[in-house]
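These are the structures, in structure tokens.
Each of the next two complexes has subunit A plus one more chain, namely subunit B in the first and subunit C in the second.
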Partner chain A sequence: MQLINRKKSGVRKIKKIAPALAAASCSLLSVASSDVLARGEAGTWDFEVASLFYSEADDRVMAAEPVFSASKTFEDGEVLNLKAVFDTLTGASPNGATPSAAPQTFTKPSGNGTYAIAAGDAPIDDTFQDTRVALSASWLAPINRDWEYNAAFYGSKEYDYLSIGTSGGLKRYLNSKNTALNFGLSFSFDNIEPEGDIAKPLVEMAHLGTSDSFDSTRDGSSDSKTIIDALFGVTQVINRNTIMQFNYSLSLSDGYLTDPFKILSVIDETAGANFGGNLLDGNGNNIYLHEARPDSRMKHSLYWQTKYALSNGDVIDGSYRFMLDDWGINSHTFDFRYRWQLGSSYLEPHLRYYMQSEADFYKRYITETEYLAGNLQEATADYRLGDLDGMTVGLKYGHKLDNDTEFNMRVEYYLQTSAGDEGFGLLKDQDLYPDTRALIFQIGYSF
Partner chain B sequence: MDHLTLEFCLTKLNLSSDDNPANHPAPTLSGSSKLWVGSFQAMASDCEILMEGLDETQASRLLSIAVKETWRIEHKFSRYVSGNIIDRINRSAGSMLELDAETASLINFSEQCYQLSDGLFDISSGVLRKVWRFDGSDAVPDDEQIHHVMQKVGWDKVSWQAPFLTLEPEMELDFGGIGKEYAVDRLVLALQSEIEALAKSDPNLKSAFVANFGGDLACSGARLDGTPWVIGVESSEHNQTSVATVSLSHGAVATSGDSRRYLQKNGIRYSHILNPLTGESIIDAPHAISVAAPNCMQAGMLSTFAMLHGAQAEEFLEAQTLEHWVQR
Partner chain C sequence: MRFLRLAFVIVLGSIVLSACSELGVKPWERDVLARPEMQLIHDPVEAGLDDHIYFSKEASSGGRGFGGGGCGCN
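Entry: the complex of A and B
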């Protein structure tokens, strides 16, 4: 009979557990009671301020980037995030020309004057200075148990550049929320209006103070591009320690994709004293061409990330990205982080390795033959589209000051090496692929 | 109490309505410098702090600290507050959550209790309430109902790797079994550190206090005259008058019992203490068990574990070699 069955209870083996329980309760009570208001609790705002400093070696680009971010979680799980970023960039960046055994003079992209580069030095344009303000707002909200949506708006403005965009996404949970499918779509519109207007593709750079006409190398005051990105991703909880993510994304850019500040050197192929030197025009000035890129680009990328939590609270985070585009570039990115938990602090070493192949139309320089044939459609000497490897080594330290206040700092060292055609004649003596080294320092505070 | 009056009373204690999300009545402080009695409501209990050796300002400061900390814990861990961490866990439906340090340490503690009790103490057992309603009636659930709800009970089904928690859909966690004891211990720590701070400016300060949250007690030590605190604890059978008294000169005492919460069918009294391994009510448990231990968490767990041992409660308590009281 049911009631009789219920009355029957097996005899338990009695254990002395009071000491173990004493230890467990002491360890519980030793956790600072200030670990109280969890971040992301409903109804509270969480703030984050951070400042990033980026400095390239040899007085090249320097950037300071303060970031302010505020998030609010609402009772029903909606999250609103507002973010503002201010960038100040100063310094010099390579203009694309090759170094030369002779001093070189370049016209500033604005047409307001020239700058000179000593023999053997890397041609860098030091007129590069800009301030950027970027604002964004995003909203994430559950629709029901299984669906979630997000929407975001973005806008940024700098002196000669405007970018605005919007994005939206849907997340579908499956398999008791152990699986999530992500769909995302974004659209952005960029407009550039450089001082001194847009340069015509592959025309000779005008030399100021000669019979060259600067205006005749110009083609309209502004140009624009649109970018559409689509993403499909799967996030899967593998087991109690492991979470894995796969993404595929497609990006289509259309419009003005050229960099109006970049040029290429034309190199003399005629045997003689100037073999491998800059080809000269009728006035005895070096010939440089403004670069030109295709007016569309399609990128595919695949991304895989795994996070693994160890029993001691440490977290291992590894990811890999493969990117392929119709400019002939493909790249691999490996990223590895280990979060080492030390009480209320953590240390996070970071290692990143990036390798990229060059674009089909990348040329370190243009030969006299190619120049005279006059049938070049596209060419760039921008090292960012060349064959390059990048390595980042960094360390982040974070310390929880109390309940929901965290201070963190990050130091990273970046080394980028490029390789390619080493040239001929005089050019062989020049360093066509100088390394880029940068130091990145960031401090942040969230409360 | 209307809103403005409540606001005023809270302000007097240096509290604001933000500290009182559950909208409890305002705490009161009465007595004299001989003995202050601070009273407030929290966690469905009458809470009391008795304080000796303090002036009114100091006593009111201690009371406000006690109230703030208790209401904070109640709001954070109550399963009735929408949007708090417990609610988020219980609505997570299988998605992984990252928990804050305090919640994680309570989960760790609960997991240790689960292991030490061989599964008898289980913070996932709360869903058994869906079939067991302790309203004094004879509505005892049948085997099928119990079997069904037991699919969603069991700490072994929970994925926990601090600070990441994944809870199966329809499972629920509940700190109801430890929340009050945790609040008492936290409050003792908070008051002790405040007394240390007060003693910096007043080296001659000598004070003592005891907190009583509906039968879960903890003290700072003996009374100033060296005698123990004597506290009346509600009896299980006669819930109006206090019959049992507890003497306390150090540490804590916690009481588990089935007063007022039971089902009765065919002469069998089904206690509200449920066995998470079987889903059944513990039948031969004593009416009440009190255990004295260095802190309230430990005392509370031992009295709960003893109840879960049913007929073997006394045998279990003897093995722990701690002072205890059993009412059969």
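Entry: the complex of A and C
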């Protein structure tokens, strides 16, 4: 009798989890990935509340991010998910300039004042502050025995940034539902309207209080980009304990892809006392240029994931992603989790390793020769487009209070190291590639 | 040429799918795979938060799902 009951409950679970697999491969945007995970009985709501705290060392970015997610499973297997994310960011972010043996003064991107950086310190813009609200809704439903579809909508608003998007997907089951083919398309539109307007590409940053004109470095109050993503995936049940997924995705971005808050230093190459220092303009001020990126980007990603359940109830989860784009960047991401089941609790160690090569137009600084030649089309000193490695080490603890209720928390440490051209002359004494260290803490409750 | 390419895709696809048909389980053998922690993304909220962190700190995004935009942080 017990065996029969167990089988029945197993079949019911499969029916509920099938939509989750579809949602997992056809989710909307990075922030709203796979929101739908049906857990509860048909006709009931499931809720999840979580809060993330992210804090970088050296007074850099701090973020608090509460999330509310609600899912409802309907009688015929349809699943509705509604999600709200609130994001508060404060702190400082590298502006792209190189550190210097002399103090530096930068004009705020808004044009409302300046900020100073002491000699030898990393130039960071401490006016970084924003609040974001993101709302999303997704719907997933079976069409018949072998087909399912999903659709999603997304919108987020920050003080100077708006993003809206939609996505849709189809799923086809084969081989007694042991194989599933997923196809998804996503379209999003982003608009940026920074305070102080958009900076002209590769023009000199205006120094306030001098004869420089801030307005002449500006080029319109807003700009936008569109992003189209296509994803094709295969999910395959290997055996009773193993499931595998393989995805190929293509992403096309078009429009304003530059960061209006980032600049580059121009470095003096003339032999003498200032060799390797900042090049000075006619007023004796350092020369910095606003960055410029190409106006389109095509990314290809291959993603592989495998989950394996051990006989003792533990689960191994491993994935690998390879990304390649036409900016000259390629990256490898390895992710590994081990879920150690301890009765109604579990511990989950997590390791992630990421490595990327630099973009073709990445430059830690611009030389005097390049500046005077005046033929640079694109350049960025944003370390996120440079040669970098990232390592995450974390531990999650979860405790099931009953079948539908879980409490969990995780702590992770993220270390990012960069490398590249070490410069010349005075620049050689500066740390051009400081590490980024962050602590991540998350607490969650689902019911 | 186009026909050859199409034929190649069909043959390759058939081989892959027939190989897949050798894999898998019977419907009554899905007890382990039905466990919530065996779903490819078993904690979507955590996955979404992670995607947001790495989207804002690295040049890559997506792969598991769409990379998209959605944030002025990158």
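Note that in this section the second predicted complex is superposed on the first by the 408 of 447 C-alpha atoms of A that agree within 3 Å, B and C clash if a C-alpha of one lies under 4 Å from a C-alpha of the other, contacts with A are read in each partner's own complex, and residues count from 1 in each chain.
Everything that follows uses one rule, which is that a contact is a pair of C-beta atoms (placed from the backbone, for glycine too) under 8 Å apart; a residue touches a chain by one contact, two chains touch by 3 or more.
All of these numbers come straight from a predicted model, not from anything done at the bench.
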| item | value |
| --- | --- |
| First, second, both or neither for A:173, with subunit B first and subunit C second | first |
| Contacts of A:271 with subunit B and subunit C, given as first, second, both or neither | neither |
| Which of subunit B and subunit C A:373 touches, first, second, both or neither | neither |
| Contacts of A:309 with subunit B and subunit C, given as first, second, both or neither | both |
| First, second, both or neither for A:237, with subunit B first and subunit C second | both |
| Between subunit B and subunit C, more extensive residue contact with subunit A | C |
| Touched partner set for A:145, first subunit B, second subunit C, both or neither | first |
| Which superposed partner A:436 touches (first subunit B, second subunit C, both, neither) | second |
| Subunit B versus subunit C as contact partner of A:354, first or second or both or neither | second |
| Overlapping contact positions on subunit A, where the subunit C interface meets the subunit B interface | 6-7, 11, 14, 17, 20-21, 24-29, 31-33, 35-36, 39, 175-178, 237, 239-241, 243, 309 |
| Footprint of subunit C on subunit A - complex, ascending | 6-7, 10-11, 13-14, 17, 20-21, 23-37, 39, 48, 50, 52, 54, 65, 67, 69, 83, 85, 87, 89, 130, 132, 134, 154, 156, 158, 160-161, 163, 165, 167, 174-179, 184, 186, 188, 190, 192, 225, 227, 229, 231, 234-241, 243, 245, 247, 249, 251, 253, 299, 301-303, 305, 307, 309, 315, 319, 321, 323, 325, 327, 329, 331, 333, 339, 346, 354, 356, 359, 384-385, 388, 390, 408, 410, 414, 416, 436, 438, 440, 442, 444 |
| Interfacial residue positions of subunit A with respect to subunit B in the complex | 2-3, 6-7, 9, 11-12, 14-18, 20-22, 24-29, 31-33, 35-36, 38-39, 41-43, 75-77, 145, 173, 175-178, 180, 237, 239-241, 243, 309, 311, 313, 344, 400, 403 |
| Subunit C - residues contacting subunit A, complex | 17, 20-21, 23-49, 51-55, 57-74 |
| List of subunit B residues in touch with subunit A within their complex | 69, 72, 76, 82-85, 88, 92-96, 99-103, 105-106, 108-109, 112-113, 116-118, 142-143, 159-164, 166, 168-169, 182, 185-186, 189-190, 265-266, 268, 280-284, 293-295, 297-298, 301-302, 305, 309-312, 315-316, 319-322 |
